[in-house]
Amino acid sequence: MKIGFIGLGIMGSAMAANLLRAGFDLTVWNRSTDSSNLLAGLGATVAASPRAVAERTDFVIAMMADPEAVKAVRSGSDGIIAGLSKGKGLIDMSTVSVEISMESARLAHETGALFLEAPVAGSRKPAEDASLTIMVAGDRPLYDSVLPLLGKMGKKILYLGATGNATRMKLANNLVMAGMLTALCEGMALASQSGLDTAQLLEVLDSGAVSNPMFRLKGPQIAANSEFPAAFPLKHMQKDLRLALRLAEDVGQPLFAASVVNELFKAALAENLGDLDFSAVSRVIRK
Amino acid sequence: MKIGFIGLGIMGSAMAANLLRAGFDLTVWNRSTDSSNLLAGLGATVAASPRAVAERTDFVIAMMADPEAVKAVRSGSDGIIAGLSKGKGLIDMSTVSVEISMESARLAHETGALFLEAPVAGSRKPAEDASLTIMVAGDRPLYDSVLPLLGKMGKKILYLGATGNATRMKLANNLVMAGMLTALCEGMALASQSGLDTAQLLEVLDSGAVSNPMFRLKGPQIAANSEFPAAFPLKHMQKDLRLALRLAEDVGQPLFAASVVNELFKAALAENLGDLDFSAVSRVIRK
Amino acid sequence: MKIGFIGLGIMGSAMAANLLRAGFDLTVWNRSTDSSNLLAGLGATVAASPRAVAERTDFVIAMMADPEAVKAVRSGSDGIIAGLSKGKGLIDMSTVSVEISMESARLAHETGALFLEAPVAGSRKPAEDASLTIMVAGDRPLYDSVLPLLGKMGKKILYLGATGNATRMKLANNLVMAGMLTALCEGMALASQSGLDTAQLLEVLDSGAVSNPMFRLKGPQIAANSEFPAAFPLKHMQKDLRLALRLAEDVGQPLFAASVVNELFKAALAENLGDLDFSAVSRVIRK
Amino acid sequence: MKIGFIGLGIMGSAMAANLLRAGFDLTVWNRSTDSSNLLAGLGATVAASPRAVAERTDFVIAMMADPEAVKAVRSGSDGIIAGLSKGKGLIDMSTVSVEISMESARLAHETGALFLEAPVAGSRKPAEDASLTIMVAGDRPLYDSVLPLLGKMGKKILYLGATGNATRMKLANNLVMAGMLTALCEGMALASQSGLDTAQLLEVLDSGAVSNPMFRLKGPQIAANSEFPAAFPLKHMQKDLRLALRLAEDVGQPLFAASVVNELFKAALAENLGDLDFSAVSRVIRK
């Protein structure tokens, strides 16, 4: 079973490295060759184009930063689609939109190949630890074939049905995450303005039913109003909120709290905080 | 060290029972005598009035359902204050307002006694397991004296400074809790309307950085739109949100998301959901 | 018919002057004597205390800046109440709370006098032009007696029933006004950020069904981000929003949009804009 | 000067009739022929297709119900574009999106013709009275040529610059309108729940600085919870809010209040109120 991996950013590199460690025969491609060379050092073969990756392998994984990058590696004479054919499979683990996934599915199917969208929850650390959550939707036979492969990158893998569902699930997940983070920021701002010690609020929160790893990680950063190194950039979270709210409009679901959370993230973007971690939304929440 | 315990509801009974189990000499009083008799069966002495409890003991704990009940047992010729004197201490573990705590402190001080406000986070189960979080504020010497006592009822005990701070901390805590629960409800409503399986959303949430006991407990109840047995009644949560927003006004802290969360809880009250668990707010969120 | 007038600020001075112009026998009192002297120049008698005003006149009008000022002139041995007796009437035209009006009614009734609360809508200009809207609630017989008097200060006078209703009506009126102003500010901010001319937006708005004097007055000030001279101070509008939201909580009415409008006004207060006109909320709305 | 008119719904019929009354030589087309026959009775020539209209006239006005209808009459061998050529002009008075206007401009320019987008503010009555507000953007020379024509349909005509600006202006206008209407509904709901007479609130509002025709028209309908005949359907207002919020996202402008107003309109859609007048949003606001 030959595996292709396209897109070797922070996440992709860690995920590809885990596949190499698990013994898979890996062919990689990346826009900048630095990352490719790094993976080559771990045993990967470097191909000359996304098309070449697809031609030489059974299953191609794409892990791109954004929808534009997905489109760029997908199309054209050097693109992935040009290298696909019957019996192969494309697994897009990037976070894109339902529309782009549907289009990828259509393009893959036209070559006879199968398709899965498989966005992940989790950032750098879980990618390195192979403890990502992987939401998968699309062609079930391809899912059954690559499940062992996915198991080397994530610890929780869910099959969610037709193409589009994995993207929708990821949006719902991120909506909850943004709402929780905002609730934390507002609680900390209230505590701080009321003369309380936010570290003690974090202790109280962590001692009860709402105790969770995100609060333990982000809480002290928010309290310190630190540099907010971008584990998950604020601009990406705002994009996901926007897409979640559009999905909500499409399905007729009012989301009062989330719409206000989105405005807070927009206000943070307007303050040029988009490249910081999404917890930097605290800067527009605190007085 | 003789201990008094006034207010034997669901929480108070469990907490008093833990004190008896730990070997404390306990004198109790409750408006209805059923609960008193139950505690008597476990070794407690039953007194004829709140005043009698205060007269016979060194430290009196009050655990009342609401501010009105606190005022009722505090004042009058049969009230706790009438039985206090120098050397004694009053510990109010009810959730009240800053104003009522300040008044209790003043009334206790006028008798020469000391005062602590000590509201708890956690409901029936943690009360039974002695795993409550106890937020304490007021007279530090009294805190030092009763810390061993508090340790038999809670596992996390924080001293927060001057009277009022424990109430404020509890409000900040509940604000975060309400925001998180609302985020969960909105995420589940979006998932459900989008044709996704909310059980799978709960799995995704539980597999990542936002995993927390409250989602594990309430999520399936929300998915089932169940009876919502009131671990923490919705009307009490709305009251806490109202008080938190007033505190925010007093200290000049805007809270955009929390103000909308409060309106959702108000909408739930208007639908007569006040006596259900606060997670019943899901009924006004789902389309 | 002898009339007393207490409180000669911007509004009160203009209203009292209109009564003098209409030929009423007027006795006045004001904390600072400058304003009293001005009215004396127009024919008013100046009394030594609020009590003296009440003793010498049939009907006493109070027009104070805030609830604290009402309490100050109402109580004590020199206060209005001390000068009231059967056959007299107190008309409080200040904007206060339902509680303070109820208390004023009780205190007046104990002397045998009657009471009306009669807050006004409109600021300096309508006060000068005798074109205020006057919302009246309380003792109907007193209303019938003083209607001709009120007609010299306002052009629209409504009797609303029991004491408290006029305050509630004013809160509902100001809630609508704040919501409209916020809608204008958001529309102008969107237009401006989109490269449109906000003066043209104001023209469009003024040419259609939403055309109103407030937009014509405030719109250009908002566009110019001017000094915002306080026709109606922002801090007073925020106070009214707070009271309106509390009333809404008391009567079980969710107000999603108004709760967010209130947070915008709170954010403006936090930016020290409280003493500017309430249209200065535009400064926290524009990016 | 020969004029074409395509789209004879409620608005278009009234506007076309005004052009006939003003003596213009008018050729019309409509999907259903009933409306065409009506206009023929007033002196219009009926053409067989949108293309035929464009071929026989100098300037073609389109007034379609929605973007899909615009696309339908624009394209294809029978469409307007197929009948355009150098020297002619297309004026689209429908409310569409910036994208569709840009595309119409491009398509018209490719034939050598000029283009204007010219959405209107106002509904049936102002259309009949020729008192619409017309927001115009696009090719200035065409604007100068057709200004006399536009003046027979509207009383306020603004030229706003490049194509897209008229659509943006209309979105800003409708955002303000929706915010105002929501403020009115919330104020009326508060008054009603507080035991006040909403008719008196409407009197108060109409007597002061916020007095406006929309409140006079819609207020009594809202008070009566009437049938809400659709002068402007709620679903169209929600669509405009959605587009306005997307524009706000594009230009980086947070809109806290409008985002919540949009959720209220979405909630109304979810209650199947979309075909009623947009003031029917009151049904989801009142308790």
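Which chain is which? They are A, B, C and D, in the order written, and residues in each are numbered from 1.
Rule of thumb we're sticking to: a contact is a pair of C-beta atoms (placed from the backbone, for glycine too) under 8 Å apart; a residue touches a chain by one contact, two chains touch by 3 or more.
Only a predicted model underlies this, so the values are computations on that prediction, with no experimental measurement involved.
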For subunit A and subunit B, chains touching each: C, D
Pair with more cross-chain C-beta pairs in contact, given A-C and A-D: A-D
Separation of mean Cα positions, subunit C and subunit A [Å, integer]: 55
Geometric centre distance via CA averages, subunit D-subunit A, whole Å: 41
Contacts with two or more other chains, residues of subunit A listed in rising order: 248, 252-256, 260, 263-264, 270, 287
Of all residues in subunit A, those that touch subunit B in their complex: 121-122, 126, 133, 135, 155-156, 158, 160, 165, 168-169, 171-173, 175-180, 182-184, 186-191, 193-197, 200-201, 203-205, 207-214, 217, 244, 247-248, 251-258, 260-261, 263-264, 285-287
Subunit D residues touching subunit B - in the complex, by the definition given at the top: 256, 260, 270, 287
Of all residues in subunit A, those that touch subunit D in their complex: 242, 248-249, 252-256, 259-260, 262-264, 266-267, 269-270
